[in-house]
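There are two complexes below, and they share subunit A, which is joined by subunit B in the first and by subunit C in the second.
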Partner chain A sequence: MPIPSSKYRVLVSTIAVLVFLGIWEIAPRAGMVDPTFTSQPSRVFAASLVIVPSGDFLHDVSVSLSEFAIGFALAVGFGVPLGLLLGRFPVLRYLLDPPIMAIYATPHLALLPIFIVWLGIGMQSKIAVAFVGGVIPILVNSMAGVRGVERSWVTAARSFCAREWDVFVKVILPASLPGVVMGIRLGVSRAVLGVVVAEMYQSQAGVGNKIMLYGSEFRTDYLLFNVLLVSVFGFTATWAVRALEEKLWTAGK
Partner chain B sequence: METRIVLEPAMLQNQGSAAASHIRVEGLTVAYQKPKAAGTLIAVSSANLDIARGTFVTIVGPSGCGKSSLLLAIAGLVQPAGGRVLVNGQPVSGPGRDRAVVFQDFALMPWRTVLDNVRFGLELQRWSGEDLTARARRYVELVGLKGFEHYHPHQLSGGMQQRVGIARALAVDPEILLLDEPFGSLDAQTRDEMGSELLAIWEQNKKTALFVTHGIDEAIFLADQIVVMARNPGRISEIITVDLPRPRTIETMDSELFIEYRRHIRACLMGKVEQSCTQERRF
Partner chain C sequence: MSISGWRSAPVLLGIVSFAAILLLWESVVRLGWANPFFISQPSAIADSLSRAARSGELWNNLEVSLREFAIGYGASVVVGILAGALAGRFRIVEYVVDPFLWFLYSAPLIAFYPIFVLWFGLGVPTVIAITFLLSVTQIAANTLRGIQSVNPGLLRAARSFGASERDLLWKVVLPASVPMVIAGLRLGIGRALMGVVVGELFGATAGLGFSIAYYGALLKTTDMIASVVVIVVLGVLCTQALSAVEARFDSWRTGPG
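Showing the complex of A and B:
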């Protein structure tokens, strides 16, 4: 851990962000770019003051968040146990490996039209995309986590008369936790992406819906505020999982 | 000092009653499926062995002679292809609470602290009626790791990690301690130190101990009896009773008798006395 340089790093990063915001603000004012295309930090901020208090905003955010939360919860609830099982039992892995790899190789957004056909343009199709986006990295990394379990740990557990369930709870689960959490981190961004793009494609409400709407109306400031919203959410969620992950790695070393 | 080594070929045969010996190995054969290629690898070929309660037995031999396989079969971690293992006269079908294993690669859980690693066996064996952490703490202290309770294995040296492994095995209070090349990955000095300390701990309650090693000195230093194994196929070639007085210290290794044992075992392992090894012999 480069502890002495971390303050320095934060300083440099902060300066970089400020410089970027400064140029973004000044360039349109100086007539270097057209603010219709680029907008400005001040305009985006002004847009937030209009958007946030409106009733629509709360509705959009709650729709998008629900789609994400349900789809992602399903992805975790389904992906983690299945991944652990596949990692533990080679026969299951051989059985399910081809379909999983096929889905893994398919861009999950390409399935969007079929989900709309099946589930309509409401929340269900977004939940489905978030689920498919999230579940694959979670499943694959949970599986990899189990395969990182050393045989000697299992043998040691067996030498103390551990049953299969004990081996699972006391060895496999804690040992694969870092892999599981890494899968969850990768799954978060895929699920967020799924929700937003699905909303942009065909929807009645949601943050992605608004991004598409404001885009078609050339309201760059409104559009960028919504994009920012998604970025902040994705960043925060990923950061939270990463913090958890680092804690687990340190404990697991 | 009289130099006297008594070989006990009687042990090689299937003599003595099963009830008298704590561990009895009868015609044990251990085989492994060879990877990819067809056929099996015979790791241990019809081995017979009787180990009396409270004795410290070492198994010495070249790598690939099946000494670890013999130990793991007694532990119940490897299923024999033929023959059987009896503990207290009962056939072994798997691991049991009467036996605990110390592994060569320590096999500690990296996410657990020293204390929690020692608790591991107690948890799995569902010990109750006693505070497990308090019991684990006592065993951490017994192996000289007081103050390191909350360290993780990667923060410890190899010797310290194996102390945890020994504490974990002793904590479940087994009748039999099975040690599979426990000091194999340690440096020579740490090895000697650990050997002396292991003996000191063993002297306290004299549990039956079976210790696999490829170190001749280690094998003599620790043992009441040494089982010498040979390979192709893995088999017991000789059993030697060690008449060195206890308690033993590092100086024991300089005694004439010790040197005599060492010379004999080395010759035996080199195959120079292949014939004589399996026969009754005094010198």
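Showing the complex of A and C:
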């Protein structure tokens, strides 16, 4: 029963995407829309053949990727321990919760111009935006992960004379892992967004820089290829973390 | 008595922590340990805000941003709930919409900004389009999930008591999916606010995001942070309001789930 329905699902989804691509390809050819504004799948593909072999492309991708990697690694390295700590100690949490929530409710990209003033238009400001974007969901969900740990497990461990440290490492840490990973998943997309938008705002290199450049040159096909590239990266990264997440959930059951 | 005392402790500590941050910030600058050019100081920001309020600049920016927000978000609520409900009701719509929803959900949508500028021109329409696109995916995805998560047992029970399709929709499906839908509306507000601010950062002639970018380019840190503060307050107010609505709509649920 589930197998045919999932096959049907894939079929319908594939047809929908193909129809979309078909209309996108045919409409400009039929003169219904101006290809300057919409481009076409074939043109985007042709653009990819021009862009990818050029040395510029490798440079842009490596700049963007390293900004993301550094910013996100900092976000994980800082957000997870702090989140676990805040989840464990309520007084600390009450103290820091309001400012954290205020930052969580704010569009973090509004801080972009401040980072530019502080850190300049180079890679540092992008790393900072990726960090701020990633760290908040990681922190909040790690905190929630610790708070969601079944109390009876902690009590059980204590009644078997586990020390505070043992309780933390052997009970709380593994039990809060799904929350931590969920935070990481939410953080990934925000960090990717942060890097790209920061590069679009003001930068010297990077995929976001090219998106803005091609946009101002009306080269829709080049622009769309870069947008697609970022989307695929964001999608893959999120998907990878989600796969890890599902594994953890089933392992936890 | 003891319960109310316990409940007010987090609020009290929260106020204490905000006060401590402001105090620290102000004194670090006053003592000359940090350069006010970079981090400004709370008293200067308060001055800047009151000046902007008296000159009308603040209200003007607020009005522009709120109007863009209202149009973009309002449209995304209507379209998002409708699309999500259709996809939740009809399998085939779900399968058709699903890949696009997934793509839009995981793509950094703001990267489409230059294309929107090509389509709609620089300024308000582009900001509204970004705002709409950012929040509509969230609302549609949540509505869809909300409808899918309706307990099939409830549906079967209602059917076996002779409920019509219409009754099912109004009396079972909608009430049961409301919490998810409202969670989507709340998350959508955050994304819509992001859309307004970022859209204005890039190309606008008025609005809160514009004023951040404008003062940033002039290196007027105080005025820039003042605009950020307004956005923070706006974000907190909107999220709190929706959280209150959420709590209210969810209160009829007694058991878990």
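Quick note on the criterion: the second predicted complex is superposed on the first by the 249 of 253 C-alpha atoms of A that agree within 3 Å, B and C clash if a C-alpha of one lies under 4 Å from a C-alpha of the other, contacts with A are read in each partner's own complex, and residues count from 1 in each chain.
Assume contacts are C-beta pairs under 8 Å (C-beta built on N, C-alpha and C of every residue); 3 or more make two chains touch, one makes a residue touch a chain.
Since the structure is predicted, the reported quantities are computational estimates derived from the model, not experimental observations.
Undergrad: Of the partners subunit B and subunit C, which touch A:Cys161 in the superposed model: first, second, both, neither?
TA: After superposition on chain A, A:Cys161 lies in contact with subunit B alone.
Undergrad: Between subunit B and subunit C, pick out the one touching the greater number of residues of subunit A.
TA: After superposition, C is the partner touching more of subunit A.
Undergrad: Quick check for you: in the superposed arrangement, does A:Val196 touch first (subunit B), second (subunit C), both or neither?
TA: A:Val196: touches subunit C, not subunit B.
Undergrad: Applying the document's definition of touch, where does A:Gly234 land relative to subunit B and subunit C: first, second, both, or neither?
TA: The answer is second: A:Gly234 touches subunit C but not subunit B.
Undergrad: In the overlaid three-chain picture, which partner chain does A:Asp97 touch, first (subunit B) or second (subunit C), both, or neither?
TA: Touch partner of A:Asp97: subunit C, not subunit B.
Undergrad: I'd like to know which partner A:Ile172 touches here: subunit B for first, subunit C for second, both or neither.
TA: neither
Undergrad: If we overlay the two complexes on their shared chain A, which of subunit B and subunit C does A:Gly215 touch? Say first, second, both or neither.
TA: In the superposition, A:Gly215 contacts subunit C only.
Undergrad: With both complexes superposed on chain A, which partner does A:Met123 reach: first (subunit B), second (subunit C), both or neither?
TA: It touches nothing on subunit B or subunit C.
Undergrad: Using the touch definition from the top, list the residues of subunit A that touch subunit C in their complex.
TA: So the residues of subunit A in touch with subunit C come to 8-9, 12-13, 16-17, 20, 36-37, 91, 94-99, 101-103, 105-114, 116-118, 189, 192-193, 196-197, 200-201, 208, 211-212, 214-216, 218, 220, 223-224, 226-227, 230-231, 234-235, 238-239.
Undergrad: What part of subunit B is in contact with subunit A in the complex they form?
TA: Subunit B reaches subunit A through residues 75, 77, 94-97, 99-101, 103, 105, 107-111, 120-121, 123-125, 152, 154, 172.
Undergrad: Which stretch or stretches of subunit C touch subunit A in the complex?
TA: 9-10, 13-18, 21, 38, 92, 95-100, 102-103, 106-108, 110-115, 117-119, 190, 193-194, 197-198, 201-202, 209, 212-213, 215-217, 219, 221, 224-225, 228, 231-232, 235-236, 238-239
Undergrad: Going by the contact rule at the top, pick out the subunit A residues touching subunit B in the complex.
TA: 150, 152-153, 155-162, 166, 170-171, 174-175, 177, 248, 251-253
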